[in-house]
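These notes open a run of structures that come right after.
Look at the two complexes coming up: chain A is in both, with chain B in one and chain C in the other.
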Partner chain A sequence: MNKNKEQLLNKRYKAEKRFRLYGQSAIFMALLFLTIFIFKIFSTGYSAFQKTWLIVPVTFDAELMMLEQNPSKEDLKDADYYDIALKSMADLDPNANEDQENELKRMVSYFFEREIKRELLNDPSLIGKTKDVYLTASDDLDQVFKGNYPRDLPEDQRRVTDYQLKIFDQLVEQGRVESKFNLSFFTYPDSREAELAGIASSFMGSIFSILVCLMIAFPVAVLAAIYLEEFAPKNRFTDFIEVNINNLAAVPSIVFGLLGLGILLAVFQLPRSTPLVGGITLSLMTLPTIIIACRASLKAVPPSIREAALAMGASKMQTTMHHTVPLSMPGTLSGTIIGLAQALGETAPLILIGMVAFVNTIPGSPLDPAASLPVQIYIWAESAERGFVEKVSACIMVLLGFLIIMNLFAQIIRHKFEKKWS
Partner chain B sequence: MNLILFTFIVLLGFTSYYFGRRKAYTIQSTNKRLTALPQFYGYYLAIWCAIPAFIIFSLWAIFEPTIVKLLILSDYSNQGYLDDELNLIYEKTKALSRGQFTGEITPFIEASAEKYLSLRSIAQSSKAVIVLSIIIASVAYAYKKISSNSRTREPVEKFLKVVLFTASLAAILTTVGIVFSLIFQTIDFFKVIPLFDFVFGTHWYPAKAFVRDSSEALDPTMYSDTFGAVPIFAGTFFIAFIAMCVAIPIGLMSGIYLAEYASVKVRQYAKPLIEILAGIPTVVYGFFAALTVGPFLKEIGNSMGLDVSAESALAAGGVMGIMIIPFISSLSDDVITSVPQSLRDGSYAMGATKSETIKKVIFPAALPGIVGSILLGVSRAIGETMIVVMASGLAANLTLNPLESTSTITAQIVVILIGDQAFGDPKTQAAFALGMSLFLVTLCLNIVALRVVKKYREKYE
Partner chain C sequence: MKKNGVKMIKINSKNVDVFYGKKQALFNINLDIEENQVTALIGPSGCGKSTFLRCLNRMNDVIDICRVKGQIIINDFDINDKSCDVVRLREKIGMVFQKPNPFPKTIYENISYGPTIHGMAQSKNEMDEIVETSLKKAALWEEVKDRLDEPGTGLSGGQQQRLCIARAISVKPEVILMDEPCSALDPIATAQIEELIDELKKDHTIIIVTHSMAQAARVSQNTGFFHLGELIEHGSTDKIFKNPENKKTQDYITGRFG
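Now for the complex of A and B:
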């Protein structure tokens, strides 16, 4: 009998331990996913912040460039750079036949003549001389140099030919290949060529959309929250508004995209693909988040503050505007920032309103077509070229960096400025 | 032009505020009692400047295009054009006047474009004149009112209250906007495709519904076996089911552990770390699923001799599950911590172990809240777009094999609407019909979930 009891107790203790273990392993799993996730993104993305350059001697032959004596600045701009660019690449291997010359040309980026042109415009005295010029390597060679590209594949399965690899290895030996910080990733717009693609256009698109979103969502949401929390009578209509807000907060984001497409674009005829429409769509999504945050922080202001103001003879409106609302601002602002961070990461609604169009200019206003950072991630992730994989990860790193900064900022505002009442 | 006018009106508003306040001071200096603080006199005047400007601006925005269109098209009214042709002429005119017209320019359209431009400039200048004169009149009226020292605080506060109320309507307007944007296209869709075929059809090939001209568009035989949404609905619920298989055990157990077992320190670090998972944009999850998880599963499957698609439902659903973990863990954590301590104490006093208390006392007490959190998670899984678009297939297979690719409502909407859309094309309308069904399903789930959670909260408060 006693033994039986002990067995039962042991069994119960074992079950207790097991249950605890389940909990621990659940937490462990969740954190493991997070770690794998971040590790994966960083390990594929960090190399995108480096860019491979080939240092090629270029002879600025006036005759080949169709330049006359003492050319003006305008002449230099209009000159023909293609021939000298081609020649300088072909000169890397004096014995190259025509096919091989073509392959040599494809070792550098598509716009390599522009890089040569820039060099000459910076220093016009180079005419007739030879200078080592930094040319952007093609994205395939870039990947080879970074070790992301398997060299042992059979030749017909890779985009780099044996001949190109041979010349490239010669250049590496001569110290003519250099890896530098990839500034163009931040300053160039999107491009079909992976080595020239940057996030400048989508970054500006994101900034404009978020600004539009902030300018619409913040005032409307704060005003709505003030009304609902401070003035609204308790009746069915206010209940209806409340149910609406709570529902909107849980409506899938793609439905807001359909709203943007069906109303903003089709009915109001706003321009497609622009951060203006994107911002308005996002603001409708962010609205409930900010309203809920603002109401919570208005609710947290103790009634004694209101009573004191009313007792001093302030009207209800004065009490609210001069005391309650300013005291609730830290909570509202941190809620707003969190809402904006959500909007910044939103992709699906922006795709529907056409912000996936290929944009290779940097937008200067919310009315110019643009992509946004998450949409850029989507666009690049869908392209087949290997060079884009690291770009996607790098773009994700930039986006996550922004989200972390925004969330930290929200935390700081909350902890630094929010008054603790009890 | 509009911008200059707008700046001018804003400046006018500020000046009238200033004059209003100064008027109050002069009244005060004659030893009369003010009815409100001096700035209310200023606000009063400024509001009288802003309201008429706002009204006229909005009326103009509504009526100007229609009137201009009528005037332009009145030139063509006797020539027997159809409505569609007239609309086309008007669009051409507008494009030409903006310098964006690329087709053949006829002298008729050139003349209308010139007329259009002159009408627009007349409209602009008359708008400026009307707005300014009405503002001046209304400000003068208000100035006269405050000179006689009538009440100003009450009207100003009333106005503010109206503004606050209007802002709170934004939520309703958004819902109405969603319903409107979906409903018309959906109705048009069901005019061509019978509701029965949509709900019970088992073939979904929207690409087949390629319409060459408008006479074909209305021929229903074109669309037999193209818009059967069963595979889409099945795929949506299937992927959501896989996601919940990952999210419920992990999320629920982490929630329970954080609420009942974890020390303050573990809780302090683990909770925000898990919540990071909720803050990661879904497109990032999609990339992760497509680049890492999909190929990984394929390799494992191949090594076991299974035929795994690189874009499997399992990859999309699994990653989606990871994304939903924090929703379930945080919500169930909240729910469990709000179960009154007395229930636990009672159970411990009877000699129950911690896990027995959790399983037999706390869990049943917290069940409604937990169910609510799971329903919210399901609604999120159904509405999730980017993970499915990037990691699961776009072809709508009717399958229950998690290793094959399936498609969801959201993914189909994106596939159909990416790029240029022609409104009036059944394919585009199909996307809106899918959106409508998505909206309705998630709406029901949300309402039920929110109600359950709310009821539960009231029970223990």
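Now for the complex of A and C:
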């Protein structure tokens, strides 16, 4: 009898030990996947935050620029920079033939003319003088400098020619190649050229979409939740509504995209590819999330508070507005933020309503065409150039950072403002 | 209280039946509550004494499946009548609950909430005065006068319950309903509340539901004994405790069941 009990006890201890082990290994696996994922993204993406510049001596030749004596600011703006830009690149190799001059030109981005112009506009006294100007290197050379480019491939299999590599190596030796923080990644819109592509347009598109989504989803969801939880009679019909709200939360997001396409674009003729339409579509998705979060936090308010207010002679409305709703707000807000974070990462519905279009302007309002961060990732991931591979990871980092900040904010709101009962 | 030797009746209930769905919880209750006296409702758990108490300020309205039949007349007015406005009713009939339930706001806001929604103070000064008198009447003023802007939930259990009493009397109700106000408190806090109840009956009619017969004997002038949804016996506390007419009452009071 006693021995039997001993055995049982041992068995119980062992079972508990095993269970702990399973739990720990599950957590370990999850952490491992997460680490691999993060490591992969960081190792591919961190280099996108650096940009390679060629430092090229530019002679601001007034004649080549077709400038007269003492030009005004307007004249400087209208001047012709193409020739001096071409000439400065060609001068890198005095012996270059015409083909080689062309190759030299392609060592920098097609913005080189604009970059030279900006230099002169900043300092008009440069006319007639020579100055080292920072020019954005082409994305291939950028990758060469970052060590990501397969230089040992046969020449006909790569886009950088041996000649370009030779000149580039000379420039590196002369200290005329520099890597600096890639500000343009944050300030430029999308571009077909990897070295000039930035997330400004998709970032603003995401922000506008989320704002539209918030402004529509939050009030509707909160009112619906308050009504359902506090005022609506409990009967078959409200049960039916509740079930359907839960169903709505489980609808695949692409269905909402089709809805946006079929109704917002086709019937209401709202402007295509805009954050307005994107935001409305996303708000349909966020609505059930916020309703559920708000109802849960209304339910969590102890009934004794409602009774206390009612017994003081507060009306149903006053009880709800003075006590229940304020007490439920922390939970509702953090639920809202989590819903918005979901919407922020949503891609499929936005592709359907046309936010996948190539947009090379920065939107100034929700009515301008724009992309969004996840869609930008999708667009870039489709591009073949090596320059875009790191951009994809960099964009994921920005999106993840955004999401982490939002979730952190949700946590802080919950912990700081939620009242404790006990 | 007697005026010219006649008992003044504050609340008069006639044939009150209460149903939760199909289950009947109270059967034909006829009970008169005397003005400016403490009436204790006693009985074993589930006997319907709290249900009856909640009929008096229509708190049972909150429960969807609950139906109340019969008449409850307060100031010559049937509160179960359709024309009765519950907000006005609950302004006149305050309530203190079993578990202290201060609002998660400051002590000051806890007291000022009732007067604010009923528009009882015209100025900040008036409100300050209401808060002070309410807290003084609830014997809490000395303990909290320096920290009125601290949360009411930070007080001890006994203090919280006195805060709830102060909150209830802030709107000058004619009747105060107390639903086992001391069951969550220790003996010292209980003694303070009982002392307070005795004090409050000068201005208010008090009905208290209690599990403790000793408490009923200490604080009340009248007692009603409930059993299985029926009012078995009611009368002066002295009579109920010393000389009950009904066998069940006697058994309960002597501790033979319940």
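As a convention for this text, the second predicted complex is superposed on the first by the 393 of 422 C-alpha atoms of A that agree within 3 Å, B and C clash if a C-alpha of one lies under 4 Å from a C-alpha of the other, contacts with A are read in each partner's own complex, and residues count from 1 in each chain.
In this text, a contact is a pair of C-beta atoms (placed from the backbone, for glycine too) under 8 Å apart; a residue touches a chain by one contact, two chains touch by 3 or more.
Just so you know, these numbers come straight off a predicted model, no measurement behind them.
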| item | value |
| --- | --- |
| Touched partner set for A:K234, first chain B, second chain C, both or neither | second |
| First, second, both or neither for A:F181, with chain B first and chain C second | neither |
| Which of chain B and chain C A:G262 touches, first, second, both or neither | first |
| Partner chain(s) touched by A:F417 [first = chain B, second = chain C, both, neither] | neither |
| Partner chain in contact with A:A309 - chain B first, chain C second, else both or neither | second |
| First (chain B), second (chain C), both or neither touched by A:L327 | second |
| Contact breadth on chain A, by residue count: chain C or chain B | B |
| First, second, both or neither for A:F39, with chain B first and chain C second | neither |
| Touched partner set for A:I226, first chain B, second chain C, both or neither | first |
| Chain B and chain C footprints on chain A, overlapping residues | 315 |
| Chain A to chain B touching residues, read off their complex | 12-13, 15-16, 18-20, 22-27, 29-31, 33-34, 37, 40-41, 44, 219-221, 223-224, 226-228, 231-232, 240-241, 243-248, 250-259, 261-263, 266, 284, 287-288, 291, 315-317, 321, 341-342, 344-348, 351-352, 356, 374-375, 377-378, 381-382, 389, 392-393, 396, 399-400, 403, 407 |
| Contacting residues of chain A [partner chain C, same complex] | 233-234, 302, 304-315, 318, 322-323, 327, 419 |
| Chain A-facing residues of chain C, complex | 57, 59, 62, 64, 87-91, 94-95, 97, 99, 101-104, 113-114, 117-118, 153, 164, 167-168, 171 |
| Of all residues in chain B, those that touch chain A in their complex | 153, 157, 160-161, 163-165, 167-172, 174-175, 177-178, 180-182, 184-185, 249-254, 256-258, 260-262, 270, 273-274, 276-277, 279-284, 286-288, 290-292, 322, 325-326, 329, 353-356, 358-359, 376, 379-380, 382-386, 389-390, 410, 413-414, 417-418, 421, 423, 431-432, 435, 438-439, 442-443, 446-447, 449-450 |
